[in-house]
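There are two complexes below, and they share subunit A, which is joined by subunit B in the first and by subunit C in the second.
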Partner chain A sequence: MVETALVDWSRLQFAMTAGYHWLFVPLTLGLAVIMAIMETVYVVTGDEFWKKTAKFWMKLFGINFAVGIATGIILEFEFGTNFSNYSWFVGDIFGAPLAIEGILAFFMEATFFAVMFFGWGKVSKRFHLAATWLTGIGAAISAIWILVANSWMQHPVGMEFNPDTVRHEMVDFWALVLNPVAISKFFHSVFSGWMTGAVFAIGVSCWYLLKKREMRFALASIRVAAIVGIVGTFAVMFSGDSSAVHVAEYQPMKLAAAEGLENGGQRAPFSIVPGLEVPGVLSVLATHDINGFVPGINNLLDGYTTPNGEVMPSAEQKIERGKRAIAAFGEYRALSGSDPAGAAEARKVLDENIDYFGYGYIDSPQELVPPVGLVYWAFRIMVGLGGALLLLMCVVLWAVYKKRLASMSWLQWAALLSIPLVYIAGQAGWIVAECGRQPWVIEGLLPVKAAVSSVSVAAVQTTFFVFVAIFTLFLVIELRILTNAIKKGPEIE
Partner chain B sequence: MKRTIIAIYNFYIEGFKNMTWGRQLWWVILLKVIILFLVLRAFFFRPVLAGKSEQQKIEHISNELINRK
Partner chain C sequence: MFDYIFLQHYWWFLIALLGGLLVFLLFVQGGNALIFLAGKDEAERELIINSTGRKWELTFTTLVTFGGAFFASFPLFYSTSFGGAYWVWILILITFVLQAVSYEFQGKAGNLLGKNAFRAFLTLNGCLAPLLIGTAVGTFFTGSQFMVDKSAVLNISAPTISRWANGWHGLEAVTEPFNVGFGLMVMLLAIALGALYMINNIDNEKLTAQLRRSLLISFTAFLLTLIFVLVQLLTMEGFAVDASGVVVMEKYKYLHNFLQMPVVFVMFLVGAVLLVAGVALTLLKPNFKRGIWLAAPGTVLAVMALFMIAAYNNTAYYPSTYDLQASLTLANSCSSEFTLRTMAVVSLIIPFVVAYIAYFWRQMDKKSLTSDELTTTDKY
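Coming up: the complex of A and B.
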């Protein structure tokens, strides 16, 4: 039996690495748009002020990019070492998007990134502007492939399991790429990056206002960043809405956990905080129909019948079918060389039950319930902070247009102190997405306890603490370089 | 073609030579790559399936998946 500690440490290590990686990615995505807009204004107006403004944000973009670069590679190390069962089992499904991402990222970034930083005065204004936009677009394209891979784990499509190679093989590339979960996740993640970049740029600019320096630069930057941030936040809300519908359809347990919904039904209530509910709102969010049926945790464990008569199996029934699938897989492997008829029969049973394969590793139905408290509160932190930041950006933009921001030090402080909040909101979002799908690595097909390698707990613990030390070191280096660059300022006025 | 390649090469070389604040970032990247690949990859993260043939990998994973409790 695999040790619980091994599963927990492997899970914790991956979560920590992914969380660290996501500190850098959203700022890259968001600042890319902000600096590209600023450079566009420069090219259109010919005003050198905008060139210097764009160059300053490019500098912060470059620092963030340099320190964040390759942090994602550690995740791939972890796949090979800590999650070898998973890595093999997913086959090319996971490898293909990641390979495309690696190649695209390398060529787009090596080309356009270099033109953006080295090309001032050497290439035409318009070519330089194109390179700046393409740097941002390249970062977003990289995100597509990572999110396609992640979304496949949330809602596996476009593949078939081959028991001879023990791998899932891609049979429909476009089903994988056009996975509805991937589409909403892509927009949700990229636009949350716009929010991060905007809140960061507004906060840094407000620091200059508090210091009574670089006033024109700060106010101009805030104007651009606030518009990007507000547009981004509304896009996050729309993509979050479609994401909720997909979660309700493909990962109902995640939705039930995020709502702390024990017993579902029609006109399901949305919980604002424990004890304060709004009737029917969860049904609207999950199904776009106030009378929509939303199953709760107990419904999903016990089995239920939907209002249109569809009978959904209980956890026990799924576990039984999962065990049948694993047994048939073992039988197929044992007979495939010696007894073709027996192997064919086993293969038939396996194919009939493959959708429940992962349930065969589950010992009790309660294992299928993710950590409800964590997911419930993470969701509220994400939504609550998102709403608060939207309000802040609207107030800041209003104050800029009314020419009052320079005298509103409380608002400048609020904007400055909001920088960590946008990161907390982003991390909370990923906690909802990833902790909410536990115990699964691949929904329904492979739980974490079957995905981890048979390595020692001590090895995983050691690397966990090595990572914490290294990541902390790099974070300190980044913050130091970043704060020095900010203190030095854009050197405009 | 040759002139284009030379121009691109010179573009990168001049860019690197004229770096100011970017220089310390390259040191950070270099340090990170060394730590990642020469320390972590070499000593801490050896892929479990490394060194096995295709068939051995299949046997290993199928045994893991069949016998995992």
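Coming up: the complex of A and C.
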């Protein structure tokens, strides 16, 4: 019997690791672009100021990068240590992007990271510049493959269930890579990293303005960072729009939870906060049509008929079909050696119900509802902070070009205080994506409770607290080192 | 020609290659094990940390890719071993997590724990990681206690396929002398490789003399563990797979594997000779510094040969001593033919990756590291 506590602690351990990992990764993605642009300016103009500016941000990049790596390795291996059933059940598909990430991206990052930090004077200027760009490109390529893997869990494609090997097997590699969810998620995540890097760089630079130090450095950094941040935020918005359409299509329960939508329909309203709704807007966001049909939580549990007459099964019916699939699978295994005709019949039933296989492990329809309050508020925090930060970056860029920023201390304070906000927005985004798809580890195919390893609750609790202690300690130390490095400054002027 | 059986063997070859490269790159860990032993003062310790510190990410990346490749090609191993031998893998990971930040943090103001704490983390990782990885690989020959029952998926309340058969979850591996000997062998090899690497990479007479002493001690101890491991390996019963797919115990199985796969045996011998030659020339010729470049291919070849006798020639590479028929073989634990074929195409990129790594390695290490360089350029 898989204990509920084991499922919850395994889930919590993975969520904690992923949450910490995503504190460090977005800054890597964003600062990589900012410092590469600065070094490009140095190589083009030959102005040493830009070299020193780029080197300062590289220093902060390096401090942050190390903790990202430390948390990342745990994530990869936790699929095996804590979700061993998952690793077998879909390893045939899921392992591939992880291996490709290692071969294509990690070696690129590892090689060029060392050149970027220690290669000044050892390789030519242009070579060094290439190494800086390739470090950032390596990080982005890494994001592609891990998000291909993640998106496959949200919207599994390109595979078939093989009852002989008892697992899903890949049949179409390109369907996996070109999964529309993966494409949206890649742009959404990577450009949110640009936002993070930009808000961080602007905030730190504004601290120098407040201290009336390193003025030229600060204003130059803000100019580059704000442009990167604004471009990134618009890209986040566009990719977020397509993400919403994909979620509506492939994970309607997640969307309903994110909207707190109990009963859906056409011209579905968008809830700004509880009690304040804008009619039709959710339909537009989800379907790009004001009359589009968006099911609510109750519709999804009770079953519904779409405006074009398509009848969608209720949760009970899905669970029933899932149990039928598992029973047919058992029958197939029992008969496949002795009764080919009986096995073929069982296989037929299995194939007819395979899309609901995962529902067979669900005990009651209520299990299919993710934590609505958490997902609802996380979504609002993400969108609200994203909008506010875009506005802030636009104002900052305007003030820089109007040469007013140096005298606008309120704006400098706002920019400085916005640094934690961009992290909160990023964490909120992943809460929507991951908590919103509970109870599934693979949408519709495998719930989390059927994916966990057979280890004791105490073992997972122990490792959870060990990792919490280590990662928290690292975070505190990183913040102290970053603060010290920032106080010391680029020492240009 | 490129049928399913071939692809299974091809992917084990890649696993063996990554394993060989990983053991070679453990020179980073071996070097860090010497921070306080060979580095007698601050300047020497800085040189050691900055020498291994410019390569640590390659070791780390190779470990991650090794894991990823195993996941993609032999997912049943990934689920059985990682989910089962939980504590061994968690301990290995913790040491690597501590290492990952220690280079960057140790020399920085505000690091809270002080320089020596992070250097101690590096040393801890330097000793424990090769020891534990080696001990875990030792179980490829001695077996572990686990069961695999794919029908468990039918049990709605307990569908986990792979289960460990004891509460120690991997820690029991240390009760088997062969595994511990294997772990010690890998650790001592890593230290010897670390010393060889730094003798070549660091230009400092006093430190080099100390590293030569460390090399002599660690390699002598390594040879003793190697003899222990080899004698056991070649005389032990191994886990053979018969024509009908049944796993049976076979006397001298791994000796038979060497004899029945002469190419693998030659690989092992050539590897061993190169390794010994690299060390011997370094110890015997005072001006010879390039021993690492003999020892590196030697290590890769020898380790690959060990991986090959663990799995090739109808051998169960991850045996279960609890349920012999649950033992993992190339055939019963691999990915589908489609996935192996697809990933085989992806693997064609590996030579290009190796080539650019080698090129930039050469560019960065043309000149040996000196204390002067650390005062004028960026350092950890």
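The criterion applied here is as follows: the second predicted complex is superposed on the first by the 491 of 493 C-alpha atoms of A that agree within 3 Å, B and C clash if a C-alpha of one lies under 4 Å from a C-alpha of the other, contacts with A are read in each partner's own complex, and residues count from 1 in each chain.
In this text, a contact is a pair of C-beta atoms (placed from the backbone, for glycine too) under 8 Å apart; a residue touches a chain by one contact, two chains touch by 3 or more.
Since the model is a prediction, treat every value here as computed from it, not as a measurement.
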Check: Which of the two partners, first being subunit B and second being subunit C, lies in contact with A:113: first, second, both, or neither?
Finding: second
Practice item. Kindly classify A:361 by the partners it touches after superposition: subunit B alone (first), subunit C alone (second), both, or neither? Key: both
In the overlay, answer first, second, both or neither for which of subunit B and subunit C A:330 touches. both
Larger residue footprint on subunit A, choosing between subunit B and subunit C, goes to C
Next item on the list: May I ask you to decide whether A:298 touches subunit B, subunit C, both, or neither, giving the answer as first, second, both or neither?
Entry: neither
Dual-contact residues of subunit A, meaning touching subunit B and subunit C, are 1-2, 62-63, 66-67, 69-70, 73-74, 77, 80-81, 84-85, 87-89, 114, 117-119, 122, 165-166, 326, 329-330, 333, 361, 450, 453-455, 459, 463, 466, 470, 474, 477-478, 481, 485
Per the touch rule above, subunit B residues touching subunit A in the complex are 11-12, 14-16, 18, 21-22, 24-26, 28-29, 32-33, 35-36, 40-41, 44-50, 57-58, 61-62, 64-66, 68-69
Residue positions on subunit C within touch of subunit A in the complex are 54-55, 57-58, 60-61, 63-65, 67-73, 75-76, 78-84, 86-87, 89-90, 93-94, 96-98, 100-101, 103-105, 108-113, 150-151, 153-154, 156-164, 167, 169, 335-336, 338-339, 342-343, 346-347, 349-350, 353, 356-357, 360, 363-364, 366-367, 377-378
Counting only contacts in the complex, subunit A reaches subunit B at residues 1-2, 59, 62-63, 66-67, 69-70, 73-74, 77-78, 80-81, 84-85, 87-89, 114, 117-119, 122, 164-166, 326, 329-330, 333, 361, 449-450, 453-455, 459, 462-463, 466, 470, 474, 477-478, 481, 485
In the complex, the residues of subunit A that touch subunit C are 1-2, 62-63, 65-67, 69-74, 76-77, 79-89, 91-96, 98-104, 106-115, 117-123, 127, 131, 162, 165-167, 169-171, 173, 323, 326, 329-330, 333, 360-361, 450, 452-456, 459, 463, 466, 470, 473-474, 476-478, 480-481, 483-485, 488
